[in-house]
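Multiple structures follow.
Consider the two complexes below, in which subunit A is the common component and subunit B and subunit C are the respective partners.
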Partner chain A sequence: MSAFKGRQINPKTFHKSQLKFYAVLIPLAIFMGLPIVYIFNHAFKPIDELFAFPPRFFVEKPTWQNFRNLFESTSLGATPMSRYLFNSIVVSLVVVVLTIIVATMAGYVLSKKQFRMKKALTEINTIALMFVATAVAIPRYFVIEQLGLINTFWVHILPALAMPVGLFLIKQFIDQIPDEMLEAAIMDGANDFQIYIRVILPMIKPAIATVAILAFQATWNNVEISDVFINNESLRTFAFYMSTLATKGNAVAGQGVSAAASLIMFIPNLVIFIFLQKQVMDTMAHSGIK
Partner chain B sequence: MMKSKQNKIKYTSGWGTFAFLIPYFLMFLVFIIVPVIMAIFLSFTNFDSIQFPTFAGLENYVNLLTQDEVFMQKVLPNTLKFSLIVGPGGYILSFMVAWMLAQISHKPRTVLALIMYSPSMTAGIAMSVLWTIIFSGDANGYLNSLLIRFSFISEPIQFLQSPEHLMNIMIIVSLWSSMGVGFLAMLSGILNINKEVYEAAYIDGLSNRFQEIIYITIPSMRPQMLFGAVMAVVGAFQGGMIGVALSGSNPTPQNAGQLMVNHIDDYGFLRYEMGYAAAISVLLLLLIYSFSKVATKLFGDND
Partner chain C sequence: MIKKIMKNPENKGYLFILPWLIGFVTLTIYPILYSFYLSFFDVTITTEGIQTESVGIENYQSAMTSDIEFINRLIEYVREILISVPLIVIISLLIALLLNQNIRFKGVFRTIFFLPVIISSGPVLDKLIGLDIATLNMVETNALYEMIAGMDNILASSFVYIIDNLIILLWFSGVQILIFNSALQKVDKKIYEAASIDGASSWESFWKITLPSLFPMIMVNIVYTTVMYSVSSLSTIVGHIQSNMFQLETGFGYASSLSWIYFILIVLVLITFTGIIGLFNRKYK
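And then the complex of A and B:
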């Protein structure tokens, strides 16, 4: 009876008792992964395979034609596709960098300092985890209009910086840093800013990576901002362009181009996540709401 | 000991703290707090976005709950059905998958977790093109073609335009992409439970895996369970745009896939009845808040 069951959590090696889990997980993984495999295949199908009847799942003669068509296509006002893509890249990068800066600064103070509003601010940010931006799209429109942000580059950036889940994860992570480390730095004469740069930031890299991913995903996939707050094609993003492809009707020829665009939407998310997944898991260990 | 305490207090006050907080909380105030307060204010007015809002008291709420047939007969039941299946359904699915992943070794776990998580990266519009191809209403749609080939049906079904199917498809698509941040949090929570806790529990007479989950795993990762629950609730209410994206129209065919977020857009941006739309917004936020409160009751500290 020494085969102790509880040890099976996080096992080091394969054991045949794990087979039953694989039996459930692998079919599920296939179901979850299939649509993505499909997008990969569809994006590379030549026109005759897109039209093939009955439709086939896997591509037989892969081609770059759909991507070429996508890059050559122009939208209303003759804005080239590359412009949307360029906007998406710039906007996402700026949002990621600024989100990290504002969230780590606020997270440091909320976690390590004592001040009067501390508890209230932490509490309200936790409640704001439940905030759904689309629910208040209309008042948000008036606020953004009043601030003169309609049809500007900044409308992509500033609203995205208020990211409650980002601050939440960073603060939880900083909570794990022992106070003694900060006290030692204070003894050495470090000021707030030096502590933030030299002690806090290096110790919370996993949380920063996680927030970077979440901010990137939220911005890169965002259609609403280009749709509602911008009516100048040259300021809109790739996700928006993508959504116009999807609603332009279901012409099969357009499908290949749409699939190619979907793939371009998906790949950066995937690549970034693969590189940073270890950091994400480290951060998530501290994600609990207490 | 005393010394370090004093140090901390001395070092805490002042403008430095304020300067660190201001960038985030300014954005937070402007783009979250102010819109929510404005929504509450507008919900008590009549407002067509051109003339200044006029006070209407509870009229919008009364109309919403008594006059709006589409809301009471379609939108509210749809929203509850959608969010009750996608929220808890996605949540339980995430937990079970996370738990099973914790039972296998590191390398295959990483690969499988990545596959499970990847649909949530594509959340929203980006994938609607894919689903419209799969569920396309002509014989060229993948599902139709498959069903015809195996003779389940003889005529293609208009999946995305049919009131019977649209809601189910929305639910499947949303469940498919429901294993997001909450799922990762729970996976990591399970992996971080101290093994000695399990050992002690088995010595104390725990006898099977089911008891292990109920008495050890879930209580040990309550905070992650709660975080996952809040994410699941928010995801379920946020995912509403999918119906419009799939069917290509707002309102959706016979309001079959109409959820509260669509109803807000319909009244706000299409009919310019902003006060009324704001009342729906407030109701939606209250609904999300109360659902999350239920989750807190279930998973919060029991003391």
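And then the complex of A and C:
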């Protein structure tokens, strides 16, 4: 198996020796791909197939009816759909960018600086990961209320920023950067900010992309915040709107509408994912990171 | 004091941590501690705010003695996590290794295997499990499966659990594959070349080069998997805590005590895992 010596991402030729890998990878890849195929199929199912028992995986007579119902019910509300969409896009983008900035800055200090509380802080962050989020919902509500964040745009953004998972992943990646690299940068006269921008950030791009995907996921799909902390329709997000559509109108058509809505909700996830994972691949292929 | 610290330009770097620290303390640490405080109370939420009545450790007592559903789920959870976490980590390590081989369409495969990242955290997974396509139906009618499922011991039930949840386990492994993959690419290729010149087989290179250099990431993945698995919305215990939160006779105080018990259990599980890996790691050095 001389495969370890390869440097190219994709070999240009196909060889019989690769067959054994395909034998494992292809079946697994099919399993992995199933949910995506399912979401697309489900959204185009006519009513009788949606309620078929046992449930079917593939659509037999695809129809646009679910989407038509969806757009019909959107015209019922007082607030236009574009408003929710706009809110969601702004909130998601701000959260992704700020999460990355906050987490990478903190990760840099926690990983590469020496100070008294360093170890304790890291441990507390890891431990905080393990606490069930729903159990802090009520205390968190009081905090947000006291900060005067109820019914503001900030309530979408601020609670999402201190994402313990993000810091956890990013700190691990910064730990992998050799100290000699930073020392060399300091020798060349770089200050903390320059080290952060020029050395740390380029070297942890895979982690940044991962955290970006996770942060986007968490924000884009979040219904809870719009539900609990906001009673002003024009500040609520697209995810919340989509979740209300299924319950509006008649219950039978609701199933189809919710299937169509979940496809529409899912597509941005897929786009962000494909875009960012390509970033990860490209940096790994071209940079000389060891 | 702050002025004195700021005078030294070298210290400015520490300020980088401030935004995170402020957010973390107010929105994560404080609520967690507050829920610990409330777990010793009987909490009722009225329109005028919350009313608390101290009950001492009664919440914990009734959780551990009379809440049979909770205890059963805890036992089930420990069994599941001891099987799932090592399995997810090993599966993702194997997939990451395969994805690092020299094969055609590697890019396409990588994309597909990272897909779970956007599925397992979304609402899609719930629906799929509800539809029963997450289990391997064809296996369940297999004679061998039926025979093993019929046996009544820990090994057999573990086996049944793995088969029943195989696809879910695969879907939980997206981020882990990504982490292993980037770690694998950081291993210096020249070391492998040197090893193969010295006559090491690829099997030996795996155990002597790849695995030791992956240890930090194995640790990361174990922590990540344990956490994600434990606090995911699919967890039956999270569901139990949630349903108790809004029940009149139990309420938020009781739910807080349940989540603290669960939390301590997760920490214990994690200490067990990291302890085992730590021992293993020391043996290598």
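In this section, the second predicted complex is superposed on the first by the 193 of 290 C-alpha atoms of A that agree within 3 Å, B and C clash if a C-alpha of one lies under 4 Å from a C-alpha of the other, contacts with A are read in each partner's own complex, and residues count from 1 in each chain.
Please note the rule applied: a contact is a pair of C-beta atoms (placed from the backbone, for glycine too) under 8 Å apart; a residue touches a chain by one contact, two chains touch by 3 or more.
Quick caveat: nothing in here was measured; it's all calculated off a predicted structure.
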item	value
First, second, both or neither for A:Phe266, with subunit B first and subunit C second	both
Which of subunit B and subunit C A:Val155 touches, first, second, both or neither	neither
Subunit B versus subunit C as contact partner of A:Asp175, first or second or both or neither	second
First (subunit B), second (subunit C), both or neither touched by A:Ile225	neither
Partner chain(s) touched by A:Ile100 [first = subunit B, second = subunit C, both, neither]	neither
Which of subunit B and subunit C A:Ile39 touches, first, second, both or neither	both
Touching partner for A:Pro206 - first (subunit B), second (subunit C), both, neither	second
Subunit B versus subunit C as contact partner of A:Glu183, first or second or both or neither	first
Common interface positions of subunit A, toward subunit B and toward subunit C	4-11, 13-14, 18, 21-22, 24-25, 28-29, 31-33, 35-36, 38-39, 42, 54-55, 57, 101-103, 105-106, 108-110, 113, 115, 121, 125, 127-132, 134-140, 142-143, 147, 158-159, 161-162, 164-165, 167, 191-192, 196, 214, 217, 221, 262, 266, 269-270, 273-274, 277, 280-281, 284, 289-290
Residue ranges of subunit B touching subunit A (in the complex, touch as defined)	4, 7-9, 11-13, 16-17, 20-21, 23-25, 27-28, 30-32, 34-36, 38-39, 42, 97, 100-106, 108, 110, 112, 114-119, 121-134, 136, 139-142, 145, 149, 176, 179, 181, 184-185, 187-193, 195, 198-199, 201-202, 206, 208-209, 212, 216, 221-224, 226-227, 230-231, 233-234, 237-238, 240-241, 245, 248, 260-261, 264-265, 268-269, 274, 277-278, 281, 284-285, 288-289, 292, 296, 301
Residues of subunit A touching subunit C in the complex	1-11, 13-14, 18, 21-22, 24-25, 28-29, 31-36, 38-39, 42, 54-55, 57, 101-103, 105-106, 108-110, 113, 115, 121, 124-140, 142-144, 147, 158-159, 161-162, 164-165, 167-169, 172-173, 175-176, 191-192, 196, 206-207, 210, 213-214, 217-218, 221, 262, 266, 269-270, 273-274, 277, 280-281, 284, 289-290
Touching residues on subunit C, where the partner in the complex is subunit A	9, 12-14, 16-17, 19-21, 23-24, 26-32, 34-35, 38, 45, 50, 95, 98-99, 101-107, 109-119, 121-125, 127-128, 131-133, 167, 170-171, 175, 178-179, 182-183, 185-186, 188-189, 192-193, 196, 202, 205, 216-217, 220, 223-224, 226-227, 230-231, 237-238, 241-242, 245, 252, 255-256, 258-260, 262-263, 266-267, 270
Touching residues (chain side subunit A, partner subunit B) in the complex	4-14, 18, 21-22, 24-26, 28-29, 31-33, 35-36, 38-39, 42, 53-55, 57, 101-103, 105-106, 108-110, 113-115, 121, 125, 127-132, 134-140, 142-143, 147, 158-159, 161-162, 164-165, 167, 179-180, 183, 186, 191-193, 196, 214, 217, 221, 223, 228, 239, 242-243, 245-247, 250, 252, 255, 258-259, 261-262, 265-266, 269-270, 273-274, 277, 280-282, 284-285, 287-290
